Amino acid sequence: MNTYILLLQCKDQKGIVARVSDFIFKSTGNIITLDQYSSNPRGGYFFMRVEFIADDKECNTGKLEERLNKVAGYFKAKARLYEKGVPLSMGILASKPDHCLAEILYLYKRGELGVNIPFVISNFEGHGRLVEQHNLPFYFIPANKSNRREKEIISLAKGSADFLALARYMLVLSPHFIQSFGKDIINIHHGLLPSFKGKNPYQQALDRGVKVIGATSHFVTAGLDTGPIIAQAVEEISHKDDLRTLLLKGRNLEKRALSDALRAYIEHRVFRFKDKTVIF
Amino acid sequence: MNTYILLLQCKDQKGIVARVSDFIFKSTGNIITLDQYSSNPRGGYFFMRVEFIADDKECNTGKLEERLNKVAGYFKAKARLYEKGVPLSMGILASKPDHCLAEILYLYKRGELGVNIPFVISNFEGHGRLVEQHNLPFYFIPANKSNRREKEIISLAKGSADFLALARYMLVLSPHFIQSFGKDIINIHHGLLPSFKGKNPYQQALDRGVKVIGATSHFVTAGLDTGPIIAQAVEEISHKDDLRTLLLKGRNLEKRALSDALRAYIEHRVFRFKDKTVIF
Amino acid sequence: MNTYILLLQCKDQKGIVARVSDFIFKSTGNIITLDQYSSNPRGGYFFMRVEFIADDKECNTGKLEERLNKVAGYFKAKARLYEKGVPLSMGILASKPDHCLAEILYLYKRGELGVNIPFVISNFEGHGRLVEQHNLPFYFIPANKSNRREKEIISLAKGSADFLALARYMLVLSPHFIQSFGKDIINIHHGLLPSFKGKNPYQQALDRGVKVIGATSHFVTAGLDTGPIIAQAVEEISHKDDLRTLLLKGRNLEKRALSDALRAYIEHRVFRFKDKTVIF
Amino acid sequence: MNTYILLLQCKDQKGIVARVSDFIFKSTGNIITLDQYSSNPRGGYFFMRVEFIADDKECNTGKLEERLNKVAGYFKAKARLYEKGVPLSMGILASKPDHCLAEILYLYKRGELGVNIPFVISNFEGHGRLVEQHNLPFYFIPANKSNRREKEIISLAKGSADFLALARYMLVLSPHFIQSFGKDIINIHHGLLPSFKGKNPYQQALDRGVKVIGATSHFVTAGLDTGPIIAQAVEEISHKDDLRTLLLKGRNLEKRALSDALRAYIEHRVFRFKDKTVIF
């Protein structure tokens, strides 16, 4: 008995749910959850995520994929099939601030983040001890603004990671890096995008006198802090807050937004579509 | 071109989504949104809400219902079909506090609450003016603890209301009333249930020294404040709050929780199941 | 027995609290609440709000002010004294959207907003009925982009209003208006500033794919939507939200942020300082 | 130049702020923040917290305390004086669940929790490694329901800890323990008190079908989960949540409520008064 996760996206058209659920039924599967969204019922884009149990021995992943591809082809849809419980490989990049890194590693150790972690790369050597306490490979690559050493990072990441998590990685990745890696990269920005892009967002928030701060987890694209948003976390502040307390509150927000985003991604609940996301 | 909303609930079993979506497809319908939930994938209870457009002239409600009943019968399911935009009739009962009543009437006037309001019944005569400003029938029934005058209320409500909204109605409805009315009754309780049942929940909250207060909208059952919860709203408080400010904050919470619950109910997004609700 | 509210702001220096509380003590007053904030303990700016009861017949407002001015003079402070319960006059400007206007009038009627309302001015004639139901003067001034008719508004407002509330007034007030009126003007912006300034903030939020929306109440300054922020309210959204549901949620946020800001202002809990506010 | 924190509580009476701030002024101190609260301006209880810089060499803690005691004596007040930056000693008790323990140790390591930790006591031996990675003394005391081994814990704690933090300690402390330790004990309860006292609060929340869950940090008293509440954290849930996801969300809430409460306590911002707290 396996559980499968099926993702499908295409132009909206009649009969998609019927055909897909019929395919599952005929594969002797039982739907556990089905989420579906259409950006516009009259001619928009369609997204579907189905989790189903297949209790027949015939239903191996290969056969299912073959049949699924036929259905997808019919609708000119992009479809993927995942076996639930087969973890993705999440490479991690982190600079000196360690709160997001520590949170991820803690969740990983607890089994609350169902991933493999092929490596942690950092331009801060001091993280080695923390990473090695978790029996994970640590690579110190002293990248900085004048030498981003992206080639080394790519060569480590490309073969081993299904996606990257930037757990407060303070160097902007070049468009070349993004293209060359070719898979999803998830960042945490310590501001409530689209407010306060770029440097020192908490200082910016303080200067503007806002009463709410936030953190944003998003896909990395070539534009700075403009990629599709996956999760945001917010908290009220007051005039009493200074930079120290904003940073303190902010670290909690960053941990929450990043771990929410990673959990959604890992559970295959995230669709990217143009500049936005659909999160089931 | 009509939009229909289909609700179905039954014991979980294989092929429900397939069969229902096939029925919609064969009725030339196009699914706009499909929500589905199973309380336990291995032998629980199954809930489904489908919104679909039917663009064929054949697809009148009568025919659809006939075909739907066949599908439902196959799964021993309870199924209902609504034409979107056909409003329910919501009878309102309110005592002296008027914030929930005023909120509902405002939303009604704005067209943000898609209902008909066949009547507002109150044991506070002063609400007459507000109700009549909205061109709605007002009935002053001076019910009180020693004479609840439920017979009169039932006789007004039974024929004309699909469900009742208690917009801060301060008398407990008797089990006989509930049974005799026989349809859903939605209440707003000014406390965060299951904490602070019964009288003066804000005073109770103050006495206990909580740091969060809330309001709860729920279905009325024979037990006091124990019916299935539909919506809750919360807000942080501090030692600075006294009864006056709790009441002030509370009124906003009550308006939010009640209007969220009513909106969900009116849009056919609420399933009752035993002591709980499923809200799509 | 009167209750007084004392506001004082100046450069931070030693002994302010001591001297002010001594002044109150010697005026036979008893401090109920004292709030105080220093933007930087080593050489910043100092803000204080004291609420005190004066139970002596000698302590009339005139005498208190005289003595207070001596204290303030000593610190080169700006000080004000208010008798609690003496309401400010709040002029209202509103365009067609009526949710904020209706909320304010409801709170006013309930006695939850301790102000006088000398007038409601609107460029939408239809609000007349609502305003007159509250026995308040209504002025229809058909201002629009090509003719803002600010002269008429000023001539109505200047003598009668202590401050203005813009309850969704859709025309930008000119710097000349702001200067000529010379008192505080509080606006509600339907976006989470500094994100989404200007037009159609909910559409902007939708386009950007944010997961949190908000509303901002702020003082009006010559810059568009850049004045000191008084209150912000936020709510989570998802991909399921479309413009209609954003507007719906947004209206609630606007009502909350505006009424929070007005209540704070009316209770003399708001200090303006450069581009920011201190809210006790 | 030292910063001092002064706490004072007594029956409300005239002139307290004046006299205390005068005492600070005459001690050549400068008030940084002053918070004050009266439970009832006409005859309630009065609480004050003042943070002040004393820049004179004369102003050592001993002399200040002496003078302060005179002021306090005058008002029959309970007064305490702390030198800011002198950390309290926080003993930790934890059972098997490690999320709160790990959070506290992480914050401690980061310097975000200004305490000394004289010991971590656990009835789960496996925590030894984590604690020792932080160079802190770990004591494995295999307490259980039939043998709580409180004597051993007291003998460790009494001399070395200013207060205790129960970071998910699953055994109820006896009234004898509480009395014998004689200092504050702060607990984290994994439910939104007063709802869901005692065992398995998340299962209780699930059974009741609530739409909001929470965690509560409170002082331990002889009654089960009835002590004065310091902090609460809440999060919305839906029918989709099952016990696993409630536990996941709950762990975050527990970490937030406990670390908020500990931070407030450590910064001397918490007053206990009867069954409640005043948190500045």
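So that you can tell them apart, the chains are marked A, B, C and D in the order they are listed, and the count of residues begins at 1 in each.
Following the convention adopted for this analysis, a residue touches a chain if its C-beta (ideal position, glycine included) is under 8 Å from a C-beta of that chain, and two chains touch if they have at least 3 such contacts.
What you see is a predicted model; the values in this text were computed from it and never measured.
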- Between A-B and A-D, more contacting C-beta pairs sit at A-B
- Please determine the option from A-D, C-D or B-D whose contacts repeat those of B-C, over half of the contact pairs being identical by residue number. A-D
- Query: Distance from the CA centroid of subunit A to that of subunit D, rounded to the nearest Å?
  - Reply: 36
- Query: Roughly how far is subunit A from subunit C, going centre to centre by Cα mean, in whole Å?
  - Reply: 41
- Task: Please set out, as single numbers or ranges, the residues of subunit D touching at least two other chains.
- Result: 37
- Looking only at which chains touch which, which shape fits best: line, ring, star, complete or other? complete
- Counting only contacts in the complex, subunit D reaches subunit A at residues 99, 102, 106, 110, 112, 133, 248, 252, 256
- Note on the structure: The subunit A residues in contact with subunit C across the complex are 37, 192-196, 207-212, 214, 228-232, 234, 236, 238-240, 275-279
- Sort out for me which residues of subunit C touch subunit D in the complex. 12-19, 21-22, 24-25, 28-38, 41-42, 53
